[in-house]
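What follows is one structure encoded as structure tokens, with my remarks underneath.
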Amino acid sequence: ETATEGTESASKAAVSDGDSVKVGILHSLSGTMAISEVSLRDAEQMAIDEINADGGVLGKQIEPVIEDGASDWPTYAEKARKLLQEDKVATIFGGWTSASRKAMLPVVEQNKGLLWYPVQYEGMEASPNIFYTGATTNQQIVPAVDWLLENEGIKFFLIGSDYVFPRTANQIINAQLKAKGGKAVAEEYTPMGHTDYNTVISKIKSSKPDVIFNTLNGDSNVAFFKQLKDAGITAEDIPVLSVSVAEEEIRGIGTDVLEGHYAAWNYYQTTDTPENKSFVDNYKKKYGEDRVTADPIEAAYTAVYLWKAAVEKAGSFEVDKVKAAAGGIEFKAPSGVVKVDGENQHIYKTVRIGQVQGDGQFKEVWNSGEAVKPDPYLKTYDWASGLKK
Amino acid sequence: MIKKYRQGAYYGIFFLFLSVAPFFLTDFRAGLLAKFLCYGIIAVGISLLWGYTGILSLGHGVFFGLGAYCMAMYLKLEASPSGIPDFMEWNGITELPFIWTMFKNPVFAIAAAVLVPSLIAAFIGYVTFKNRIKGVFFSIISQAVVVVTVTLFIGAQQITGGTSGLTNFFTVFQVPLTDSGTKTILYYVTVFTLFLIMALSFGLTKTRFGKILIAIRDGENRLRFLGYNPTGYKVFIYALSAAFAGLAGVLFVLQVGIISPEMMGIIPSVEMVLWAAIGGRFSILGAAAGAILTNSAKSYLSESYPEFWTIFLGALFLVVVLYLPNGLAGLVEKVKLRFAKKEKKEEVKHAGDSLVS
Amino acid sequence: MSVILMQLFNGISLGSILLLVALGLAITFGQMNIINMAHGEFIMIGAYTTYVLQQVFQQQFPDAFGTYFLLAIPVAFLVAAFIGLLMEKTIVKFLYERPSDSLLATWGVSLILQQTARSIFGAPNVAVAAPEWLNGGLSLAGMTFPYKRLFILGLVLLSVLFLFIYLYRTNSGRRMKAVTMNREMASCLGVSTRKVDSTAFAIGSGLAGIAGCSLTLLGSIGPTLGTAYIVDAFMIVVLGGVGKLKGTILAGVMLGIFSTFVEFSTSATIAKMIVFAVIILFLQWKPTGFAGVRVRALD
Amino acid sequence: MQEILSCRNVMVDFSGFKALQGVNLDVKKGEILFLIGPNGAGKTTLLDVICKKTKLTAGTVLFDGKISLEKLPEYKIVHEGVVRKFQAPSIFIHLTPFENLEIAMKQKKGLFSILLAKMSRLEKEKIDSLLNKIGLFDVRNETASSLSHGQKQWLEIGMQLIQEPKLLLLDEPIAGMSGLERTKTGELMQEISQICTVLVVEHDMDFVRKYSTRVIVMHEGKVLSEGTMQEIQENEEVKNVYLGRSG
Amino acid sequence: MLSVSDLKAGYHETMILQNVHINVPEGKIVGLLGRNGVGKTTLLKVIMGLLPTKQGTVSFKGTKWEKERPEHRAGMGIAYVPQGREIFSDLSVKENLLLGKEALPKSQRSKNIPEEIFKWFPVLKEMIGRKGGDLSGGQQQQLAIARALISNPRLLLLDEPMEGIQPSVVQLIQNVLVKISKEKGISILLVEHKLDVILSCAEEFYILDKGRMVATGRCDEINAEDLHSHLAV
């Protein structure tokens, strides 16, 4: 054996034998991230089952190899390597946190593998071996800030978990606010898993913002919103716009607590498309009436179909060919029509701002009308030129 | 005498196995084994510190992490053609911070990887042990150190890479890291390092110094009244085990290609103690083997049962700790005794025989 | 001024929560020397018990929904205590003479319990709605004191009182301390060590259950709920001086107030670092915690 | 005779309880001085103060006319040659008797000296002969945890002797020893008093009578009286508080 | 009261006691002599239930004991003063004494300490609030004896109870032992190295050597040869 790790690119060896093709599914099934990621595994499994029932891909049944990232980044790297080198999967669907993606990135690049990453993130990245099916910043954060400036006020309180996504997001927001006459009255970070927001709330009270821009992740949202409500701050007083709170999280936080607050996503369970109706129905049928769909779930589901479409267009499971074929592919996703941008391997998505209703669902209060072209480096925004490429 | 040979034989078998293992394993599995060997190095240090000296550190992840970060900084710089690591650029940093500049030199990086953990351990150890902080109080301090360090590394993401840590390296000394030749060399370097560390540790336990360690465990105050100042001894062994962990971090990063604050957190720190416990904390070889076996089991279980592996792993910990108080090494001892007993039958001790007469 | 008062209240409130979480450990760890890493999972059990009870009330007795939470407290206690009892009888009882092994074995238990919860209740968080009467807060001089926090404060006071009486005023408490100090001798005096052990461990676990029940008012309910609290809880018991209830109380409240004020003037991340660094320094000054005492014995 | 140890006005206060209330006492070089007194008189506390296990509240402990022991850490006091046997046997139960003696042995006890230490033949002979003397030669390689109470006492005495002390502090050395062993201990004490001074706390009056050169009686944290055993026995006050009427 | 026959016991694989027999009649004080390490403590531990028997029987008040746990035996009326005192060091003197009542039926576990105890051990009254671990050696030993007496035992196992106690109190304790065995019919098994103590309060004696009972008889008939060959005095 010579040259780089697994030069015998995974894709080549992976495919042709037998009448099935292996794909990897790599999410945290244990540890703190499992609360979010298990549903992504479910969504991907559902898409695979549907495709298999429909005859598979290129006549082959998809055989998922499931691995647990265990909420630990080096484990993601290890499992990704295992999927590519040992199982020789044709592609991997996986990850949630940006850290997990950053850990898998060198592994997929060095092994010439493929990764589909389904969660909104901070941008500033475009690996040739990754397809990003969640929103990048100009498909979520940037329009959300614009909308808030227009509708809610100019004084922003920025609260986020202390890691790369919120910090980068807030850099962007700061630049954008500066350019557009808004102002961040405070920028607060709390460690992952933080549970006591009383002090942050005291700070909110004393800085009197018009709106709170929330990039908290996971568990912390529950504590934050419950305690915000107890402190007597309602959505009428100071609305919160969140970018990581979806239907799944609402279930864990409690509708009464969230009612009236906003979120920015590309998809809601209530999104009105025919594809979504059957998607929600199927999901509930498969996993239980009490389950809900949400943006990352939809993005994970969509990822599998986009991969299928690219493979079929390429007529091959080989990574290079799939990548080459992917550009321009369109898919009628539950969130509307999405299109793969061949250049940066992100997808065109419609931006939607929703408000939490009494039934725990979102009501769309604004949308971008058409699918927005992904711009992970914010090259097309003047005010963003000061930010690092 | 026979006992001595037997120990030698165990070590021989162990290293023979490690030397030939790559020939029977896929690249991926050999890579995993290499990683477990790094863990073995940590476990040896824990055996010295905990098993022999009775100091339970719940914070060795920090030392491992520091070693790993030192090495990773060098690798990251080698992988940054612009001279500034990518994550710094995202954070708007335009000039390489001073502490990073020193890590352009690989010798410095490796030296730092061993020295930084041991100096920090020596410092923490000195103030803590001097103030006679013992037992759980020390363990809690070591845990607090973990929290402080991890929070610091996450908070200072402009220079540490934050939660994501450091990853995406390409070469070491200009040689591609992913070359299978490089991998093979690194594997044998790790085996050799483990060998040196185990030989050193085993040797130490056999000296008078080793007996002092046990005496500290049994009752360090008594030792004071024999004219010893236990502080120096405890600091030394704590720093030594930290150095081992740091060295393990170097080899880890070279082979695994990522280090993140998670890896120095509470969970990995407790797991490190578990490795030693499962192998047998009172045995150097046991601890090293424990690290390898525990992690093999973890990999195997998580691959076979991605949903439920934590249940099985938890059950495994439980069973080993409950039924094998001295770990696998203790089990080997027991089996040996069983055999010996068959020959000797029940011993009747003539109590009082040996007394003054 | 009112900001300072408010922060003081927040500090005491945080302290009371930390204390509640640590109370069970004050028994299982402080008194029995079992380093129970699964303590967090008993908190989780308490939280899920509350959740289940909520579901039952919502479906069966929607009219009485306002009272479910009051019922949840004793039920959470009992369920957690029962599981604690099982754990004592099957696992912990082998570990009394080896405290550091108890850490490792209960670590295994914690892994098992987390995954079991995930299998039963699903991976995503579930929500517990507070009863109507706990919503809102007491307005005083322009400040709002949330009822939930006041309620928890009261609950903590009650638990502390109960524990205090149990430990220092009852035969049972004395037996427990005797067994921990010298198992063999206690049994030679006629103390049934097995019974004492199980009772004590069950009480410790039950208190964790109560903590879990209260935490549903403030935060998330998921399989990993307990992990967020476990380190703090140990920190408090140790900081107070292992086995000293008064110290534990003091440590909990001080830690709450201190970190609240530091966080207010810095950030949560920096506060966390400073608080833990101060703990390290504090122990240098008082190597056996707030209420720790020097013993006459040599080692 | 010259004083090897002088306590001047030594006081110890345990958060309110005055265990020692101004003890003045001299130990002369080469004597076997017995310290007796009722339970709780403060004998053990005084030994604790001398070897720094307990910090004194006031006063001074002068060793060899020049060294103030209260200012030294415990281990340095040992280096000066003041060695203490505790009331309850305190040996290292996971080491063998041989190893216990090996680390107790008079030697440089700093980290680096110990790291480099190698067992010399001389040292081994020294340990072996002491093992013979204390009757533990046959069990020298068993872990000390399996020794009986009496055996542990002997081992600890051995650990004190092998340090070649100048001043040996013994707290109830014959507690738990049977008749023969008591005699052996007494003889051993006399033997070593040739080369070192011995300060013994003991309640066994026969033993005191037989081996003391001088006796000091403590009561309620103070020195009550001193003299030969003969004198002490006649002292009314001592009879009252300590010996009892019939004994 | 207590009778042990053909007993074999020890630690793990090592057998310390061989064919040991001993009889403690009701209301009598029996002395057990033997050099260091011959197994006296081991025997008491077996009787108390702290060590298992390998062979032979231990019976108390006519019932044979198998695997009863120590607390059960204590409840049947045995009290034990172990070698090394085993005081609960973090508990107060009073709490230590109250623990002595654990062997009594619930109704008799009142919170007061009988005056008798303080009459015998006045020092304990002074120290009543102090932590057990802070007491001096001799005070602890007195506490251990008091703790055993407080449970009104039928059989008292004493392992070198006079160690570290001042002569006047030793006198007193001897008198107390004799008195309670006479008046209350308590049986006492007394392990003691000091021959004069045995001679002045015990009626019968046993000598243990190398794990075997080598001599027994009435104390007033104790013979010098036995003493010499087994105790070397």
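Which chain is which? They are A, B, C, D and E, in the order written, and residues in each are numbered from 1.
In this section, a residue touches a chain if its C-beta (ideal position, glycine included) is under 8 Å from a C-beta of that chain, and two chains touch if they have at least 3 such contacts.
If you're wondering where the values come from, they're calculated on a predicted model, not measured in any experiment.
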Shared touch partners for chain C + chain D come out as B, E
Of all other chains, the one whose Cα centre sits farthest from chain E | A
Name the chain whose C-alpha centroid is farthest from the C-alpha centroid of chain D.
-> A
Euclidean distance of C-alpha centroids - chain A vs chain B, Å | 36
Cα centre of chain C to Cα centre of chain E, whole Å, reads 43
Dist(centroid_CA(chain A), centroid_CA(chain E)) in Å evaluates to 74
Where chain A touches two or more other chains simultaneously, the residues are 29-30, 162, 189, 191
Where in chain E do residues touch two or more other chains at once?
-> 14, 34-37, 134, 232
Chain C: which residues touch two or more other chains?
-> 114-115, 269, 272, 298-299
Residues of chain B touching chain A in their complex?
-> 26-29, 31-32, 35, 87, 89-92, 151, 154-155, 157, 162-165, 167-169, 176, 178-181, 183, 256-260, 262-263, 267, 302-303, 306-307, 309-310
Could you pull out which chain C residues touch chain A in their complex?
-> 3, 6-7, 10, 13-14, 17, 114-115, 118, 122-129, 135-137, 144, 146-149, 217-225, 227-229, 260, 263-264, 267-269, 271-272
What does chain A use to touch chain B in their complex?
-> 1-6, 29-30, 66-68, 70, 72-74, 77-78, 81-82, 85-86, 97-99, 102-103, 105-107, 110, 124, 162-164, 167-168, 171, 189, 191-192, 387-389
Residue ranges of chain A touching chain C (in the complex, touch as defined) = 29-32, 34-39, 162, 188-191, 193-196, 198-200, 202-203, 206, 219, 221-223, 226-227, 229-232, 248-249, 251-256
Chain B contacts chain D in the complex at 207-209, 211-212, 214-215, 217-219, 221-229, 232-233, 236, 351, 353-357
